[in-house]
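As written, the chain order gives the labels A, B, C, D, E and F, with residue 1 at the start of each chain.
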Amino acid sequence: MAAIDISQVLIEALPYIQRFSGKTIVIKYGGNAMTDPGLASAVAQDVVLMRCVGMNPVLVHGGGPQVSAWMRLAGLEARFVDGLRVTDEPTLEVAEMVLAGKINKELVRILNEHGGSAVGLSGQDGRLLVARQLTHPPGLGLVGEVTAVNTSLIQELTRAGHIPVIATIAAGAGVPGYNVNADTAAGAVASALGAEKVIFLTDVAGIVRDGKVLGQLEAAQVLELVQQGVISGGMMPKVEACLSALQAGVPRAHIIDGRVPHSLLLELFTDRGIGTMLLP
Amino acid sequence: MAAIDISQVLIEALPYIQRFSGKTIVIKYGGNAMTDPGLASAVAQDVVLMRCVGMNPVLVHGGGPQVSAWMRLAGLEARFVDGLRVTDEPTLEVAEMVLAGKINKELVRILNEHGGSAVGLSGQDGRLLVARQLTHPPGLGLVGEVTAVNTSLIQELTRAGHIPVIATIAAGAGVPGYNVNADTAAGAVASALGAEKVIFLTDVAGIVRDGKVLGQLEAAQVLELVQQGVISGGMMPKVEACLSALQAGVPRAHIIDGRVPHSLLLELFTDRGIGTMLLP
Amino acid sequence: MAAIDISQVLIEALPYIQRFSGKTIVIKYGGNAMTDPGLASAVAQDVVLMRCVGMNPVLVHGGGPQVSAWMRLAGLEARFVDGLRVTDEPTLEVAEMVLAGKINKELVRILNEHGGSAVGLSGQDGRLLVARQLTHPPGLGLVGEVTAVNTSLIQELTRAGHIPVIATIAAGAGVPGYNVNADTAAGAVASALGAEKVIFLTDVAGIVRDGKVLGQLEAAQVLELVQQGVISGGMMPKVEACLSALQAGVPRAHIIDGRVPHSLLLELFTDRGIGTMLLP
Amino acid sequence: MAAIDISQVLIEALPYIQRFSGKTIVIKYGGNAMTDPGLASAVAQDVVLMRCVGMNPVLVHGGGPQVSAWMRLAGLEARFVDGLRVTDEPTLEVAEMVLAGKINKELVRILNEHGGSAVGLSGQDGRLLVARQLTHPPGLGLVGEVTAVNTSLIQELTRAGHIPVIATIAAGAGVPGYNVNADTAAGAVASALGAEKVIFLTDVAGIVRDGKVLGQLEAAQVLELVQQGVISGGMMPKVEACLSALQAGVPRAHIIDGRVPHSLLLELFTDRGIGTMLLP
Amino acid sequence: MAAIDISQVLIEALPYIQRFSGKTIVIKYGGNAMTDPGLASAVAQDVVLMRCVGMNPVLVHGGGPQVSAWMRLAGLEARFVDGLRVTDEPTLEVAEMVLAGKINKELVRILNEHGGSAVGLSGQDGRLLVARQLTHPPGLGLVGEVTAVNTSLIQELTRAGHIPVIATIAAGAGVPGYNVNADTAAGAVASALGAEKVIFLTDVAGIVRDGKVLGQLEAAQVLELVQQGVISGGMMPKVEACLSALQAGVPRAHIIDGRVPHSLLLELFTDRGIGTMLLP
Amino acid sequence: MAAIDISQVLIEALPYIQRFSGKTIVIKYGGNAMTDPGLASAVAQDVVLMRCVGMNPVLVHGGGPQVSAWMRLAGLEARFVDGLRVTDEPTLEVAEMVLAGKINKELVRILNEHGGSAVGLSGQDGRLLVARQLTHPPGLGLVGEVTAVNTSLIQELTRAGHIPVIATIAAGAGVPGYNVNADTAAGAVASALGAEKVIFLTDVAGIVRDGKVLGQLEAAQVLELVQQGVISGGMMPKVEACLSALQAGVPRAHIIDGRVPHSLLLELFTDRGIGTMLLP
């Protein structure tokens, strides 16, 4: 590449680095970006770069398919109601084990291999996520909704230069814990931390209408698109988490394409952006 | 109990509280104390009390039997050489998942239920345990020996009032990680932290000769007992970890009976002590 | 004592240690607990233990009988109006000397002998107690009521790990100082410090009706008992100091039996409590 | 006074203020400067000014005559060996009471009346002076020599803007305390604090030979003057304390005339100095 | 001078040192005090003394005549409207160069020669003065009025013990900078810093009526004197800066005679004061 | 540019950002990069980017030609001995004025326009550069060599997030100041700060032999090239400053081509580097 092109990229990144310096960015990590080793490695580089230029990235992840696989090995049957996993105690045990002990630690390792200092946590650690039972739909068992985010542990870690990586098992009262939806948890973490942005890494190009990605939407427009059925299915929990984060004071929520390598970088450090940005 | 007896216990504890205030105590957690819910709950109370009176307890744990159980479910065969688990990549994945995602988080939850603020970590987190391959005996695969303990993360957590709980998977170079012996790791953590004591919770009453627990032994005496065959078998790794910690400057190492409820308390806060204390 | 009993006492103390950690407890020291060497030693142990488990004890004391004795030696006559010592300048000089130079330093010495780091102060030091003349009853001379507590000196000392011990001579304007009632001063110190509790060590079992100690009373109930004459005499200044502290935001005030060894410990660290607790 | 003279005085003081800013100056307070109210008030102004311009003054005082007076009232006989008070337990009690409760608190009050924030302490407080029995001459009883100065309490107080005022009763082991010579204690405090100067306020003009005050002397010259008998009697303990402080690394020791009002100011802030300065 | 006179001066200064300790004093430096080397040296001594006794002096200066001289050398013509310099880009360049590179650095050097640690700045440094174009009178070009004072740089420097010296060129938007009136800038700096005082060093004795300096005036009285024509001409910008500072919360503004050596000292450290003090 | 190329540039920069984070980089600014507005603006962007990604850039500059121009206007004749400007007092005055008031403030303004917070200083400020007279060659007058760099002011500013910009006029003893060579001063500042690198922005491509830029040279090789006459003339002071900085412990010195836009960026953030790097 020509020297002039290199400088141009770096200089184009400068105002973004300035704007986001010292700001918290919560990233919901999932989909192909998590399961494809090449994409995972690119995300790790992006996150380490974010940290290096002064941002405070915080990662939140779930991991549905791998939980189901280990449940099968343990002789447990995976059942879902409205897309939410019915969770009894043995299921919770497997979910926590797979999320906090396998997916979480793999992500920690990749981040550290790229020079970061990641620290993996579940919501049980320092009781950083506290939840109560989700009652609608009924019959889900130990599925919870986040009622409190204990931000001090996360802030201690970011202040010391670490990258927190959070598996979405929450602490509860009188139960061994709760399984919480990772999209919703990411939104809750973002608003509790006063984050500048929450970014959802997904397997779609963004919110699409008539085959075109919509670059920017206000909350009111999003609600219309939901009513019109343009937004539906698997996109719903992400959009709901976005809206709830915006309402709780997070200034920007992004749905970006995790299948594009370095999509985080392109979103954060270039003029073009990528995917759909949601505003209050 | 009579008021006079209550006061006597508390007053007897006073000099121990003073002596250990601000000191780091590393506890190797294992055996019945880990698998029996009642004992586990008592250990949690003891550790939370330690924290409350100003000590910095750090827990280190393994979890062999549960790893083997999940290996079986995953269709992997558990093999051992000299008591050490032969560890290929699939085995390591299961070991990390079970240690860091299951045993670790259960312990975190129990500690938090008793009012602590525990944070569970594996050696991958912040690369707090770094290891290289163990070459003797050969053929063990991804079994490592600790070469560095990155104490800053542990110290940040203890300074902020948390109780670190460490699963003994270590980071490595060019490999996904290493399985390390929890006894040895506890000794390494204790010496890296400049701990005041390392305490091994075991399923025996201490080092025993002629049916009697030996209350106190110097390193030289221990070596003699090994040569005489008084110390052997499963006690060897613990004794070696003790000796290595003593040599690295930890002033006291204890082998105590985890089957006795609150044995930690009795060891730390009473004149009588319990089990065997090893001195340099 | 059986090991099980020892553990039980310590574990019973745990929630109290947690609840009071970092909290300020003001203790009005007086009566037999001050003059009986055995009791004084037990109080010192209790206070040092409080400090060791993270509380911030602050002691406030008077010392009437010893002041009168030294006045006699100096050829001064002790006179009282409504139980308050008529205080001219020579009397004040003797009172300050005996309180700040004798009783205060003895208490400091005993606390230090039990491993504390006590620092003795009078209200003149750093002008930590400021008073104006008490005008009712008239004719008392240099008897004052506290108008300001300069908490910064006390807080610097507690933050540095010391135990402040305060003799109740106050600074004034245009006079060499004021003699202030120690019960009242203890209440004023407690409310200025935002203390969690103020505890009066007395020579009675608590507030008694029909031969029975009343375990707990609300402020309104106390006022009734005063009107009924159940509370009267020497108990009045203590009760008034309690009520005034409760009104100024101190959550709990205790009148306990200083003649029982370690009564402070029993009150603070056990489920049974001791004496009478007053609530707002 | 003419404006030009006023400016000249202030400007002459400037280099001294710069030189001593942040430095510790230990002042042995005694003699007329302590007993004459006008002189005491002038000393207080000087010390408060020192503090205001950034120095850390620390006062050390004894108070022999007043101790003897109160001993008489208490029916105790004052006896001296080699100028040192024979001290049994009742004598120590009176000495501590008079020094720490009367002289100390009077000085605290005067300093505070001039805008300082003085805090009076005895060597028992925070065990800031620790002594062992003085064995030569024999038969002195509880007369001690300082073996340790616990500087942390003094430094905490100076750092927080206070002026420590120290009565020279020391803590001991197995005894209620020790009476220590104030001159010697001042030297010990100065060297423990790494003071810039120790200044002895005396009732003489300085070290005098042939009717002339010697402005400056090196340690070797002082020893000669002692051998020649030019220095003797009551000057000896001061000179010995000076020499011992110089030897322990205090750069300057001063013997100045406390009978001259504001002699401290003249010594510290003017080109002329006053009294005798001793150098290593 | 007699010792007694020396002490008197220092003791008279004590309450002023106490009152102003830690307080910010902004000094508008100009007139003879700036151009006469002897007076400049005396001002430097005064300012260094202020710093030494704990005040935070901040100097603000202009330098009209020297700017005009260098403009002539550069072939530029100096033009004024309503006493304000018409400022095109070449004029601004010369003004910045002379103010920030010559007058500023000379003052820094003199302060440092007297033991201070002065740091010279223009309003461009850290954008500490931000201005917008002054529109009345029209036609002034790059003459600005201060819209923001970025106090953090000034405070960092004072906290580290330095004396900030500020040349009154301001940063602007879309222009190379603005020339701002030094009197007005001093007032703006004083109110932004929450200064205790702003002092104008002038070439007059103060505000004079009927040949007599008025020692003290309230804002309302000042306005009357302006209406009566008693205050007019070159005194107007100073008086306006004073009034604006008072209105913005600065408690005291002083107009003093910079032709009297050490007039700052006399104003700050003596009972007599000097010049005119303006109150809100 | 393609998204993939953008990511590649940013990811290539990552290890350099990590390596230099928190490190001090001293940049000698001069030549075309200073006089060409487009290049100056590019340098400013580069420096602000360095700061944003966690480096501590410190700029050092001279400004010969502009000093000579203003000397002419002031009627002074510019004379040189061995390439060094003969400096009498009037010359020094002009030099300080032009360097510290004109060039320095322009650079500050450009840096701030690109989002930095630059603070311009001369060596007089906080006496950050102290020099003595240069005696070889004789007859240079107020030309100095740096004897001390007072790093505390620079470090306070960088710690607070500012970019120090230093004009090379030094403080002296008994003289108004010294003119010091900017190349040499940059080397002295780099070694005093423990800088990671010193970078000379020049008007050449680097050290050239046989028409080819030498990418990397050790100190010994440089000396050979000097002896062979390959390095000579205007390159000599730069090379000498490099060697002296290397000898004083700066690990790397760079001579790069300031005529290439963003040459700083290319040197610091890409694998290719630019110009000549000198190693110890």
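Criterion: a contact is a pair of C-beta atoms (placed from the backbone, for glycine too) under 8 Å apart; a residue touches a chain by one contact, two chains touch by 3 or more.
Since the structure is predicted, the reported quantities are computational estimates derived from the model, not experimental observations.
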Could you tell me which chains are in contact with subunit C and with subunit D alike? none
Farthest chain from subunit B, going by the mean of C-alpha atoms per chain? E
Which whole number of Å gives the spacing of the CA centres of subunit B and subunit F? 55
What whole-number Å value describes the gap between the mean CA coordinates of subunit B and subunit E? 68
Residues within subunit E bordering two or more other chains: none
Looking only at which chains touch which, which shape fits best: line, ring, star, complete or other? ring
Contact set on subunit F toward subunit E in their complex: 73-75, 93, 96-102, 104-105, 108-109, 112, 117-122, 124-127, 152-153, 156-157, 160, 162, 169, 171, 176-177
Looking at the complex, which residues from subunit F come into contact with subunit A? 1, 3-11, 13-15, 17-18, 21, 42, 45, 48-49, 52-54, 114-115, 260-262, 265-266, 269-270, 272, 274
